[in-house]
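There's a structure below that I have some questions on.
Chains here go by letter, A, B and C, matching the order in which they are written, and residues are numbered from 1 within each.
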Amino acid sequence: MTENIQLNSKGKLKHFLSIEGLNKTLLTEILDIAESFIGMNDQQIKKVPLLRGKTIVNLFFENSTRTRTTFELAAKRLSADVLSMSIATSSTSKGESLLDTIRNLEAMFVDMFVVRHGISGAAHFIAQHTSPHISVINAGDGQHAHPTQAMLDMFTIRQFKQDFSNLRVAIIGDILHSRVARSQIQALNILGAAEVRVLAPKTLLPSHVESLGVNVSHDLTSGLKDIDVIIMLRLQKERMTSALLPSESEYFKCFGLTEAKLKIAKPDAIVMHPGPINRGVEIDSKVADGPQSVILKQVSNGIAIRMAIMAMAMQKQGAAE
Amino acid sequence: MTENIQLNSKGKLKHFLSIEGLNKTLLTEILDIAESFIGMNDQQIKKVPLLRGKTIVNLFFENSTRTRTTFELAAKRLSADVLSMSIATSSTSKGESLLDTIRNLEAMFVDMFVVRHGISGAAHFIAQHTSPHISVINAGDGQHAHPTQAMLDMFTIRQFKQDFSNLRVAIIGDILHSRVARSQIQALNILGAAEVRVLAPKTLLPSHVESLGVNVSHDLTSGLKDIDVIIMLRLQKERMTSALLPSESEYFKCFGLTEAKLKIAKPDAIVMHPGPINRGVEIDSKVADGPQSVILKQVSNGIAIRMAIMAMAMQKQGAAE
Amino acid sequence: MTENIQLNSKGKLKHFLSIEGLNKTLLTEILDIAESFIGMNDQQIKKVPLLRGKTIVNLFFENSTRTRTTFELAAKRLSADVLSMSIATSSTSKGESLLDTIRNLEAMFVDMFVVRHGISGAAHFIAQHTSPHISVINAGDGQHAHPTQAMLDMFTIRQFKQDFSNLRVAIIGDILHSRVARSQIQALNILGAAEVRVLAPKTLLPSHVESLGVNVSHDLTSGLKDIDVIIMLRLQKERMTSALLPSESEYFKCFGLTEAKLKIAKPDAIVMHPGPINRGVEIDSKVADGPQSVILKQVSNGIAIRMAIMAMAMQKQGAAE
């Protein structure tokens, strides 16, 4: 067993890099703290001074409006100073290495890096090489993990379903390339969901997918039976042009979520999607905008979850010094 | 009569989308509140806490340094948090619809959208479809309206001329494509200007332009007689390459404002321009930088006007809840 | 003698455009004030309210992550509002002149411009033409000056070597094209360094370089003797492709700083570099990351120095009114 660099010597959260290696107590603590921030959004003044005077750097090597925006808003609502850097257009174009960029930002007394990168393991790499007082939050790395997305999904599930232990959750779509799915499966298993089922064509499943702790089905109709929570994944258009899939309309016919198919799941099943959605590709607009959809709730919860994770990482960091 | 979505049930400003449909009392209230912010600019600390904890999103689908910057400064001086999004480079490139982008931002508990868009009606569309607690400010939509520009122009006119009822105002240039001109004409008529005169070549006037409530002249020399306020419009270079105009120098000869032509207007006439100016195309540098020019005053007033409109929309929004 | 526009009528700093024309007392005052900010970086809340309600505009006509970021952080830690404008993508593309851009920003009641520009003298030009209440900070202009970089270098030298009067400093590399070197040489001479030595191939030295107050050597081995402080310059790749240099490896062999060559200098010599470094071109990684390197200290000190200079310029500006 290698030590978990996400935790400090007292077992408290220092970095947030992946769901893997965290336990049920810690995940539940994140959900509980996020809940305390949820009420804030209705207040006239949506700010707490928890991270006043702290500097958070958004290091986005991949573009992402939604994720970057929620991290930026979460940081501002914690009263932190935020610096958003789109790295493709910055010093690295002068040939500076990632490590030199990190070293330089460290030297400017920043307190936290929020990292999105196209390469799996990038956030881990930065956490391993950064100064001890700096926290690193993974905002998505390659096809590896997207743990804050998974946690906001867990938060949303708990909001609607309270207890995980009786829940059957279906994750539908491109499991193979999805960092979101990987993190969701881990979180659901740690939180004790009754079943995690993946529904996908064979070409969009990793080999030995069962070893992740899931049941597998290639048929949406039978696969949706008894399901409490449906998580749709975004289908990347680029998969279409590769040989993995026949056509958009063919995919929608087999794996697109329609009102008819939704009826197969439990009547009170909720429908989730990490966004942005492809209407008519993986999900019908009537379902996406329908009464069982909690897609926009997920977006809202994303801010509270990110506030919770940032506040926890910064606090434990302080306590560890 | 359709209801005016700009006003709440108590007739207070909720959105600010166009001058059309607003009355003299409301426009005057905007001018008065802006006046109370003007003094602030000379203070050591140029901030009021009116919008502390509020989140304002600048949604700029068209680029505009000047307008975006003044909105950003106005929001910061009201102590709001500002998020500036250049939408061309964001999620919409992943194929997300405008409405989905709006829905997602709403879900992040933002309080106001400041929208600039190349398509006429875009800000209206967003206001119609957004959550009831969100205010929308039109920062320019297609060739339709640019109401905050018109209001800062009215503010500037009042600053120098006090009363509108005796004023003869000439708007000169490309009326046909100008959202600024449309909003100015409406505001001047609502505020009771004695005359609004448009001076332009026939090719740069909309058909039935008189129905907007203006007098028309195609001759700058005779048209400038008795004028108190001269508003020059920017000539878009792209009009030149189209068949609408002969040449830059030809245009300047006929409709460019020179010191000689300025003398035709009243001796205390003021010269305005929404910027950025094309020196030597629609206006001579000697006039633009001369003693009768109030062009930079307009820029300064733009901040106070935008502070006033944002503060009013946010306040009435609160009162309506 | 032309008057120095950097100083107000009481001899206090108003603009910070170049080291030239400033005296030892003023440079020492900058270093002393920066020192008072250094401790702040270890505090939980890294903010002082010195510039609250002030608006600082970063006008970057050239891209620079490091410099822009440190100015932005410095401004935020002084509680100022910061507006970062990348001018290549802004109004100037609509054909607006530099002066019109400046006039418009002035009219928005900004308090300070931080200017980076590819043309020598750009910051001076703006300072000469801007309103009396606005301060201008040069963040690098053409091949002319980079005075805040020079001051953070002086700060770093003083941190490690206390007194300038006994110091022999070597500046190594492309002196010809380096605005950093020009400003460093001036600062070292004003602060009374015992010797400033430039080490470079003849093709990378300005003609009459001795008139700047330096000794010259073209041989790194003999040139490093008795040196207390080694300042490496970045070699711009584009010089390589021009006729000025044979090849990267040839340059490294003659002027690259290796551990072996470093031993020729005094045993307690420090190694500096303005960054970003070209590992294996002008400096070996073992030296850049070695115990004598203070390169990252320079980055850290950059924030304190910029806070000091911004605070001083803003304060004297106030006093002068």
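Note that contacts are C-beta pairs under 8 Å (C-beta built on N, C-alpha and C of every residue); 3 or more make two chains touch, one makes a residue touch a chain.
Here the structure is a predicted model, which is why all the values come from computation and not from measurement.
Chemist: Where chain A and chain B touch, do the two copies share over half of their residue numbers, giving same, or under half, giving different?
Modeler: different
Chemist: For the sequence-identical pair chain A and chain C, what is the superposition rotation angle on Cα atoms, to the nearest 5 degrees?
Modeler: 120
Chemist: Please tell me the distance, in whole Å, between the geometric centres of chain A and chain B computed from their C-alpha atoms.
Modeler: The mean C-alpha positions of chain A and chain B differ by 41 Å.
Chemist: Which parts of chain A, given as residue numbers and ranges, touch two or more other chains?
Modeler: Not one residue of chain A touches more than one other chain, so the list is empty.
Chemist: Over in the complex, which chain A residues touch chain B? Could you list them?
Modeler: 41, 43-47, 63, 65-66, 69-70, 72-73, 76-77, 237, 275-279, 296-297, 299-300, 302-303
Chemist: Could you pull out which chain B residues touch chain A in their complex?
Modeler: Going by the criterion above, the answer is residues 52-55, 81, 83, 85, 89-91, 94-97, 100-101, 103-110, 318.
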